[in-house]
Amino acid sequence: MDVGFLGLGRMGRAMAANLVKAGHTVRVWNRSPEAARGIDGATPVATPAEAFRGDAAITMLADDAALRSVIVAGGLLDAPERPAVHVSMSTIAVALAQELAPIHARAGVAYVAAPVFGRPDAAANAALNIVAAGDDAAIATVQPLLDAMGTKTWCFGPEPYRANAVKLAGNFMLISAIEAMGEASAFAEGHGVPAASLLDLLTNTLFASPVYKGYGALIAERRYEPPGFSMRLGAKDIRLVLAAAETAGVPMPFAGILRDNFIDAISHGDGDKDFAALATVAARRSGQL
Amino acid sequence: MDVGFLGLGRMGRAMAANLVKAGHTVRVWNRSPEAARGIDGATPVATPAEAFRGDAAITMLADDAALRSVIVAGGLLDAPERPAVHVSMSTIAVALAQELAPIHARAGVAYVAAPVFGRPDAAANAALNIVAAGDDAAIATVQPLLDAMGTKTWCFGPEPYRANAVKLAGNFMLISAIEAMGEASAFAEGHGVPAASLLDLLTNTLFASPVYKGYGALIAERRYEPPGFSMRLGAKDIRLVLAAAETAGVPMPFAGILRDNFIDAISHGDGDKDFAALATVAARRSGQL
Amino acid sequence: MDVGFLGLGRMGRAMAANLVKAGHTVRVWNRSPEAARGIDGATPVATPAEAFRGDAAITMLADDAALRSVIVAGGLLDAPERPAVHVSMSTIAVALAQELAPIHARAGVAYVAAPVFGRPDAAANAALNIVAAGDDAAIATVQPLLDAMGTKTWCFGPEPYRANAVKLAGNFMLISAIEAMGEASAFAEGHGVPAASLLDLLTNTLFASPVYKGYGALIAERRYEPPGFSMRLGAKDIRLVLAAAETAGVPMPFAGILRDNFIDAISHGDGDKDFAALATVAARRSGQL
Amino acid sequence: MDVGFLGLGRMGRAMAANLVKAGHTVRVWNRSPEAARGIDGATPVATPAEAFRGDAAITMLADDAALRSVIVAGGLLDAPERPAVHVSMSTIAVALAQELAPIHARAGVAYVAAPVFGRPDAAANAALNIVAAGDDAAIATVQPLLDAMGTKTWCFGPEPYRANAVKLAGNFMLISAIEAMGEASAFAEGHGVPAASLLDLLTNTLFASPVYKGYGALIAERRYEPPGFSMRLGAKDIRLVLAAAETAGVPMPFAGILRDNFIDAISHGDGDKDFAALATVAARRSGQL
């Protein structure tokens, strides 16, 4: 297929490279052009419009503001050439997805939301879990692309924003797991039990899952730099969760705690560390640090 | 070995039966004597003192009050015959363990704390994870008994109360996982995504662990009766967590939320349901029920 | 003085009327023009631009969106006639105030933030407490206007946004007081003590202040309709508090609780009631309603 | 009247002195006997039994443990001489009051709960607000004593424990006010507004009540030593609130926050400061300290 890829951060570069490997023709664009170079077999283009056309255009832009700026303010939906399908893969606000769907419809571009679970190594290994929602036919069209980037595509019906809601729900659960490990670790340490011993037991038994094993190891070793996913990005995700929850009428007390603890961590200088450092807040509040 | 077993609830009966199967001589006692009958090969005894003797005595009594009443108030540590080792396997307060250790020492009875992770089916299958702390030699002595009941024994050093702290930390993480799934489910439903679909995705990927799969299924199916572990017992465990955390100087905001939500659930008539019904609190507060 | 007044809700109408009474020349504008009629002695004008000129223009518009739409999107700062001072009196986001200050400066219009404490009856009685910040000379210029509307002006220095921060801090404390009365009332009722008896004692002794007496009476009598200030507006204020707190790096756990409880109340159909109905959330969660 | 007074801390001494001034015959007892000396006109006695007799005995003992130890474990209700009325004035658990009422009834001693609002200076000035519950006739009997110690007696019916619930509800509201001021102050400071300026405005307008003025001044001046009422005692009161709330089925999210913040403060070395120092937790978490 003929594909454009916009947004070449660590995730995007790996995903675009996998599309090339799968035999697709890939035009790549990034705001800072250096990132667009060096993806073997992909063609760097100079403007978003040159990427946003063809059989499908995939966006993996940093955040709501970037997506809005490039697609909406950039006028791409009014450009003479437009893609058949826009696959929006970054983590964005539910409200933004709800706003983008109808303006794509008016522009005759199918809009598929397809955010992903997985860190950069999973992206590199084409092992992402992809959460897709949108028109069935459009998803079917881009399925070969999704297959080139992920292990499995999980479909959530025709309303694109639902995929974004699912992605945010998953991130909320993931960050809650980090906080729970953080509080449990401070509790254990407060009783003379090393956090590493506690987490070794729990992440190899009841909680033997990728999230707990991965973040449990970071917490046990206090290995928060370099960040795989930064504290500020984690805080942003919880902000998106809280905003969507309020609109949907859902109190989320755990999310409220996470919000405060992200602020606490950032106010103590940890904004650029891995968001697993959220686990240090309980220790600091206990006077253990 | 010659073993006494006190406390024959669903967990205790299964554990005692496994001791018999492993070839040990087992005297069993329970407050209501019916429960002591029908464990093939075990010998029911009429008084706690007849069970609390021999190579080891294991207690799996309901709660702090039961343990205190039988062992301390019942004067078993002053009885003429006493066991070499007392293995205290129920979930009790850290403070009670701290109180019991020295009075056992004075009585010349080795005190091993060995609470377990696992529901009754794991107890039946001798698949418990056992968290042990206490004198090394005493643990070594009772290791054959622990091996007969569990898959693995995780050791946490010579201070018995540390095993209790670890057990409470694990239960806290487990209940936090239920709450996180509850909030995430209400969030998903508020966006038109069935909780079952969300949990199917997450518990088969990022959260593919026994706790999430098991409780995720209960939540997805809203199957809260009959209870595997009741709401009131869950509330009690969080009470024990909060008490120990306060003594150890550890703020635990997630535990505070769990406490309030247990109260909310019990005040809405769910006290005798499975504690996974904690997940319904977020839905009710969202006006979804 | 020659004054324009934009935004004639219940508060604005009363404030504009007091300016007329104090002898000022007042042009009044409102989006729905009916509200601009019937303020004796004031001159209704048809467009915002006709109001936004003269010695001073006062805005008491509903919210951030209204202010932004009228002043910024409406191009009033580029209009040929502009006021010497713009007194922004509604409760708006700190971030909006920070955004408005420099664009006023570029337009040569002094920008004074002067949000108020007081419900409509206080506005009618010229008994508002006015929280002002901005250029000293500009505040001095409009002081006669502020004196016509309020009992006292409290000044917070040259940075306008600080007045907005103070206003939000006050609203946060006020809503926290409602929540505290709500929880205490549910606690009392749960012990057989009528909430009205509890609040009678406390609001006549330790808490004998306007906020506690006023809202305590509403809570004691469960008198939430008609709303003096609606639940949805209260929720909006807490949203503004949380947003500003995050930017300023301040965890505010009470505000997080208030947020969830506003959502709970709104999801149970109380969005149009007085925000004192926040006090019912604790009672409902306790199964008392 | 012939009165015994047990418990001569700062509050108790002042209260006993006022009984003497009002012309009553007062026997005084304290665990450490020095405190019983030097109350002009009162008669120190050597044992609790010598104080616990006469027309009325008043207890103002430190906490649940002290009251239980002196009255119950001390066997005073089985002593040959017993008072006609026992007025229990310290802040104790609701559950303890519920336990004490029937055992007093069996001993033929009327049991009146009469905890007080007011700090030591109010006690010295006979300006306490007294919250009384118990048998009408018994309260009428001791009314002259209550009048000698307080400004007003607020009655809450025949069940003594209700007075204790009201006292705890009041303390909860008071501590919530401190926390709200603390969070608001950190919010203000985070926006460049001195906490003292914010509190000056609010405690002289909307919140012009004794609690806000008194604690607001301590917070504004960061004057936390010497303590009027210590952090540890505040933490104890919230523990009593949470325990009673759980029994009564009332979720109290604000109380959960207060609990964590007390722990945070104590873990940072502030356990012996005035409990108004709770307000520093928000500042510390914001990185302002």
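Each chain gets a letter, A, B, C and D, in the order it is written, and its residues are counted from 1.
Here is the rule we go by: contacts are C-beta pairs under 8 Å (C-beta built on N, C-alpha and C of every residue); 3 or more make two chains touch, one makes a residue touch a chain.
Owing to the predicted nature of the structure, the values given are computational and were not obtained by experimental measurement.
Trainee: With chain centres defined as mean CA positions, report which chain is farthest from subunit B.
Mentor: Between subunit B and every other chain, the largest centroid distance is to C.
Trainee: Comparing the two chain pairs, does C-D have more C-beta contacts than B-C, or is it the other way round?
Mentor: C-D
Trainee: As a quick test, compute the distance in whole Å between the mean CA positions of subunit C and subunit D.
Mentor: Subunit C and subunit D have C-alpha centres separated by 37 Å.
Trainee: On a C-alpha centroid basis, what's the spacing between subunit B and subunit C, in Å?
Mentor: Computed value for the inter-centroid distance: 52 Å.
Trainee: Tell me, which residues of subunit A touch at least two other chains?
Mentor: Only 245, 249-253, 257, 260-261, 263-264, 267, 285-287 qualify.
Trainee: In the complex formed with subunit B, which residues of subunit C make contact?
Mentor: For subunit C paired with subunit B, touching residues are 253, 260, 263-264, 267-269, 285-287.
Trainee: Which residues of subunit A touch subunit B once you look at their complex with the stated criterion?
Mentor: Residues in contact with subunit B: 94, 117, 129, 131, 154, 156-157, 159, 161-162, 165-166, 168-170, 172-174, 176-177, 179-181, 183-184, 186-188, 190-193, 197-198, 201-202, 205-212, 241, 244-245, 248-255, 257, 260-261, 282, 285-287.
Trainee: Once bound in the complex, which stretches of subunit A touch subunit C?
Mentor: Within the complex, subunit A touches subunit C at residues 235, 239, 242, 245-246, 249-253, 256-257, 259-261, 263-264, 266-267.
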